[in-house]
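Going by the order they are written in, the chains are A, B, C and D; count residues from 1 in each one.
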Amino acid sequence: MAEYRVGVLGATGAVGQKFIHLLRNHPWFKVTALGASERSAGKTYREAANWVESTEMPDDIANLVVSACTPDEMDVDFVFSGLDSGVATDIEASFASAGIPVISNARNYRQHETVPLMVAEVNPDHLALIKHQTFDPNGKGFIVTNPNCVCIPLVMALKPITDAYGIKEVILTSMQAVSGAGYPGVPSLDILGNILPYISGEEDKIGLEPLKLMGKLEDNKVIPADIPIHATAARVPVIDGHLLSVTANLKEKPGDIEEVRDHVRKWDSPLADLDLPSAPAKPVRLYEDFRYPQPRHQSLAENGMQVGMGRLRNASVMDIAFTALGHNTIRGAAGCSILNAELLHAKGYFS
Amino acid sequence: MAEYRVGVLGATGAVGQKFIHLLRNHPWFKVTALGASERSAGKTYREAANWVESTEMPDDIANLVVSACTPDEMDVDFVFSGLDSGVATDIEASFASAGIPVISNARNYRQHETVPLMVAEVNPDHLALIKHQTFDPNGKGFIVTNPNCVCIPLVMALKPITDAYGIKEVILTSMQAVSGAGYPGVPSLDILGNILPYISGEEDKIGLEPLKLMGKLEDNKVIPADIPIHATAARVPVIDGHLLSVTANLKEKPGDIEEVRDHVRKWDSPLADLDLPSAPAKPVRLYEDFRYPQPRHQSLAENGMQVGMGRLRNASVMDIAFTALGHNTIRGAAGCSILNAELLHAKGYFS
Amino acid sequence: MAEYRVGVLGATGAVGQKFIHLLRNHPWFKVTALGASERSAGKTYREAANWVESTEMPDDIANLVVSACTPDEMDVDFVFSGLDSGVATDIEASFASAGIPVISNARNYRQHETVPLMVAEVNPDHLALIKHQTFDPNGKGFIVTNPNCVCIPLVMALKPITDAYGIKEVILTSMQAVSGAGYPGVPSLDILGNILPYISGEEDKIGLEPLKLMGKLEDNKVIPADIPIHATAARVPVIDGHLLSVTANLKEKPGDIEEVRDHVRKWDSPLADLDLPSAPAKPVRLYEDFRYPQPRHQSLAENGMQVGMGRLRNASVMDIAFTALGHNTIRGAAGCSILNAELLHAKGYFS
Amino acid sequence: MAEYRVGVLGATGAVGQKFIHLLRNHPWFKVTALGASERSAGKTYREAANWVESTEMPDDIANLVVSACTPDEMDVDFVFSGLDSGVATDIEASFASAGIPVISNARNYRQHETVPLMVAEVNPDHLALIKHQTFDPNGKGFIVTNPNCVCIPLVMALKPITDAYGIKEVILTSMQAVSGAGYPGVPSLDILGNILPYISGEEDKIGLEPLKLMGKLEDNKVIPADIPIHATAARVPVIDGHLLSVTANLKEKPGDIEEVRDHVRKWDSPLADLDLPSAPAKPVRLYEDFRYPQPRHQSLAENGMQVGMGRLRNASVMDIAFTALGHNTIRGAAGCSILNAELLHAKGYFS
C-alpha cells in the first residue's frame, strides 16, 4: 500500500489541527513534518500548539519538532495547507516550485486560472488544469484548492439537481457554526444566546466560488457557471455544522417534487470505484423526515464527510427549496482537502 | 384619564403572563380579572401560575382569584386573549357575544372575514371591519386579532418599502427564539448548540397572514394582497427575538439602495399623533452598521416594540435583501395586542 | 462466545434508548425484546419511540414489536431496566420472580437489603448479596442496581483515595448536564444561558447511595459507610457530562499531594483480568493539566466509561479537593448497568 | 445638588464601558473625561471604543475625545479606574499624587496597607484608612478599591451571618459568567455547551480578599480576618451573574436554620440613611423558593446591585450551606466602585 510522507502547513492553527486529527490513522498519508510560524519553529508540537480537538494529540505528532514553512526544512511527498491567507500566497508557491504538491484549504489560489478549485465528487475533471501550472518547471509541484466551508455543502447538494435540471439562480441563508471562525474566533459574549447577522467577506465567497467549481472545463480553462447566488451569512451558537436554507430556480422545470427527490436519492458518488479512504459512501443524503438534518445530530454522518439535505420541497416563489448541512471543519475544510489528495493519488498525480 | 377594567384569558400561559407583565404599570388598562382552565379556576393566581417572567409577579395580580373563561365570571370592559387555539374559538365568541371586546393573540379568528388582523402601525384602517361583525347584536362586543410573531416584524419592515415601491414576492428564512414555543416548549436537549430546521405550521402562517394584513379594504372587505411569500422557519438557541433574513422583489424598481434606505429611515409611525402609551416612537429602525440588529442586544429596543432592520442591500437575485428583528413575545404577540387595544380606545371603539 | 437474548424494560424512554444504542454491537448481549407501556405495546419500535440518540435507530431494533413489560411476553435471558420509578417496583419484581435477572438503572431497589447497589469496579464483592434474594424460589431471577448518575463518578473518583487513606467526609457541588433529566426534560427557556441551582431529590440520593456502595459486606449484609456527604446539585447548559467539584477530609492524613496523585494514577481496574467488553482500561484518569477534564471534550473518553479526575490539590479547609467528570447517561446510567451485567456473566450469575 | 466631573480610566475596556453605561443618568457624577491607551488617545470615543453594551453609547460620551491616562490631560474631580492590572499601579498612583481621588476596580492596590478594600455595605469604617495614605502630600488624592467579582457577593451574603454568629471557615464553588473575563474574553469554542473547571488566579483572590475586607480596623490598620476559604472557580456558559455554592462553619452554633434565615431577612443596609443613588434598598435578598436565585432571571434585581441568596439550609458536613448570586460586572465591579464613590461623597471625602 502506498504511504506518503505528508507535511502540514499552519500546523498549530485550527485547520492544521483538524488535518492532524483526521490523518491520525490514515492508511496512505502519514504526517511526518509540521510547519508553522517562526514563533513555533524549533519547539515540539506539544509545546507549540494550543490543542483544541477533543481527541488527544497523537503521541507521535506531539513529539515532532515544528519547522518553519519552507520546503528546505520539510522533507515530504506533499503538504496540506491550513495557512492563513495573509501568508499563504508565497509559502504555497514556494512549495509548489520546489516540486512539492500543495493541497490547500487557504483561499489565496482558489481563483487562480490553472489551480483547480475542487470538491472531489463534484468536479474531478478540473484536475486536468494541473498540467498547465507553471509553479514547478519540473512539473512535479502544483497547487490544488478547495472552496469555502459554505460552498462545499452548497455545491454538493446542488450537484444531483444540476445534473438533472440545471440551476438558474440561488438564494440562501447560511447559519454557520462558530468553529468556522477558528480559534479563539468568536467571543462567547457575542454569540451565547445570540445570532450575528453578518460574517465579513463570507457572502462574496459564496457568490463566487461555486461558479468556478460548477464551471465547464473547455480548452484547458474553466468557464465559470452563470448562476447568480445571493447569500446571507449568519453566525449561530452551534459548535460544528453549517446549516443552509436554500431556494433555487432551475433551468428545466421538474415534473413534481418527488421526481426531484428521486434524483437526489439516486445520485451516487462518482468516486465509488476508487475506494478512497475518506470518501463517504453516500456524499449527499436526503432526509425524508422534515425535522432533519440538524447540526448537532447529523454533522458527523459518515465521519463528517456526508452532506445532509432536508426539507426538499416546492417553493412558492422560486422552484424548489431545501436545507443542506455540512460539517464545516471536516467536509467543509480539512476533510475536503484530504479527499482531494486521495483523488490525486488515485489519478496518479503524486508520482 | 380613561381607566379600563381588563381581563386576561389564558392568564396562566406564557402569553397570558406576558400580558400581565406588560400591563403592570399601564396608564389606561388595569388587569382586574384572570381567566384560565377549570383546573386553575378558584385558586389565587400565585397558586395557579408557574410564573416564568424574570420580573416578579405583581402583588395585586398574585392575589386575584382565577376564574373560568366565561363572560359571567369576568366583570371587565374588555379582554386580552392569550388562549390556546384549541379552545379560543368558542370562548372568544362567547365574550364578544356578551358585549365584551376581545383583543386576541390567538390565531382562530385571524382569517375571519369581519375580524381585523391588525398591526396598529400597518393597517389601522382595517378596524372598519368591526362594524360588520355580528357576534354581539348590541354592537358592543367584537374581536380584533394580531398575526403570528414572524409576520409582525415582516409586515412592519416591509411597510416603508411597500409604500414606496410595492412588494412583488418575498423569500425569507426566520431564525426563531425558543420563547416563541411557549413553556415548557422546546426541550433543551433539542436546541442547545443546535438548530431545528422545521417548525410545524409556522411557514403556512407566514405565507398567509401578511396577505390579509397588507390587503386593501374595499366595500367593507379586505382584498388580500397578491404576494407570494416563501418561508423557511428554523428554531435557534436564542431566548427572545426572531431574526428574519428577507429577500424581496419590488413592483417598481428603486433608484439605488440608498434611496430605499431613505424610505425606511423617513417612514414614521402613523400613530404618532395619538400618544398611545405602548407605541414606539420609531416603529422600524434601520441599523446602518451591518453587524446589527442582533437578538440578544436589540430585541428590547423601545421596550421591545420596535422592529430593527439591518443589512438593507441590493440582492444579486431579487431586488433587495435585509434582516428584520422583532421581540417575538412583545412586539410579536402580547405587546402588539396591547397596542391594538390602545388604538381601539383612541378611535372610540370601547364605548 | 456467550450470547444472551436481552430485553430492555422502558425501551422507549431516554435510558432505554441509551441501552439500545450502547448494545447495538455488543459481543455478548443481543437485544431481542423491548418492553414499554401499554400505549406502545403492539407497535414496532420505530413507531413507538421518539428516538433522541444522534446515531440512527438500529434497523433490527426498529422492526421489533414492542411488548408490555411482563415476563410472559418477553422471552429473554435477562433484562436491563430503564423503567420510571413510578412503575419499576412491581415490574422488576415480576421479572425476578419469573427467573429473569434484572439489571436495573431504576432507583426502586437501590436500598433493598439483598439487592447489590453496584459499580463494577468499586464493590464487585457486593454481588454476594444476590444469593440471599428471595424474589425467585428457583434462585435464577434476581435484581442488581446501579446508583444515581452523580454517585457513580463520585464513588469511582473516591475509590483510589479510599483505598489509600479512607474518606471521612465530603462536600461537593455538582454541575449536571441536561440529558440527566431525560426527554423532554429541562425546558430550554429554563436553562439557556442560565443555571438552575436546585434539582429536586438529587441531593438526598447523593448523600445516601454512596454509603451503601462504599459499605462493607459483613455477615451477608452491607454495613453502610459512615461518611457525611453534603451536596449541592445544579443544572447547567451542557448536553452530556456531570462535573463535580469535590472537597474531602481523609481518615489518614496523606504525605503530600503528589502522593495522593500517585495513588490515583496507579489505581487500576480490579476488572482488568476479566476482559469485559465495556470495561474501561483505566476507570479513573487523572488529568495533570488543570484545565481538564471538561464535559464537552472529555465525557466520551473510553467510550464514555472513564471517569475523569482533575485539579487534585490540597484544600485550605479540608484535606483535598478535586473535580470529577462522568458521562451521565453512559458511565452514570446505562453503561454502568451493562458493565454490571458483564461482570455478572463473568462471575457465573447468568446460568 | 452636588455634581462632580468624573473621569474614567481604561474607558474603552469592558469595565470602562460598564462605568460609562451605569453613570449615563447619574444624579451626582458626570463623565467628562475618558482616559485610555496611547492607541486610542486623540480619537473620539465613538472611534476608539468597540462598544459591547446592549444600550447605545450615550451621545455626549461618543463625542468626547479620549486622552491618555495622565492627570494633566484629565481635568476632573475624581476618576473611576477600570485599568488593566498591567498598567494600573503607576497610573493610579499618578492621579492620587496629583490630588485626584481614584476609585478603582483594578486589583493592584487591594492589598496596600492604607488603601481600603471596600464594599460599601460591609466595611464602610475602613474608609478611615484613607487619611494615612501618602500618595498626595496635600491630602486630596487617594485610592479606594473594591474586591474581585466573586468576593463581593460572597462577603455580602456572609455579612448578616457574620454579624450574628461569626464565620469560621468557608468552602465554595463559583459558577462564573463569561462577562467576567472581559472582551473578547472566553472563546465561544471553549464554553458553548461546556464548563471550564479552572480560572487562572481567581481562587487565590477569593481566598485572600475577603480576609482584609472582613478584617477589623485597629490602630489605623486592618487586621485581616482569620477565615480559611477554599474555592473552586469554574466558568459556565452564562452571560452575566456569578452563582456561588457556599458551605460554611460558624463560630457560634445557630439555634436552627430558621433563626439563620431570619438574620438574613432582617439584615438591612447600613447605608439606608444616606440616600445613595446606587445603593440597593435591600443589599441581600433571601429567596425562600429553592429554585432561585438564577443568573439569567435575578442578576438584575435592584439594577444589578442586590445580591441574591438562596437555598439557605443546614449542611450535613459543615454548619450551613447557601447559594449567592451577584451581577459580576455591576455589583461585582463597576457598580460597586460607583457605590463606594457615593459613600465617599456622603462622608465628605471629596472636598
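Just so it is clear, a contact is a pair of C-beta atoms (placed from the backbone, for glycine too) under 8 Å apart; a residue touches a chain by one contact, two chains touch by 3 or more.
As the structure is a computational prediction, the values presented were derived from the model and not from experiment.
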Set B-D beside A-B; more C-beta pairs touch across A-B
Greatest Cα-centre separation from subunit D belongs to chain A
Rounded to the nearest Å, the gap separating the Cα centres of subunit B and subunit D is 41
Cα centroid separation, subunit B vs subunit C, in Å, comes to 48
Note: subunit B sits from subunit A at a C-alpha centroid distance in Å of 43
Expected list for subunit B, residues touching two or more other chains, is 192-193, 237-239, 296-297
Touching subunit C in the complex, subunit B uses residues 52, 178-179, 183-193, 237-239
Subunit D contacts subunit B in the complex at 54, 192-193, 239, 296-298, 300
Residue set of subunit D touching subunit C in the complex reads 169-171, 173, 175, 192-198, 207, 228-230, 232, 234, 236-239, 243, 245, 247, 290-297, 310-311, 315-318, 321, 323
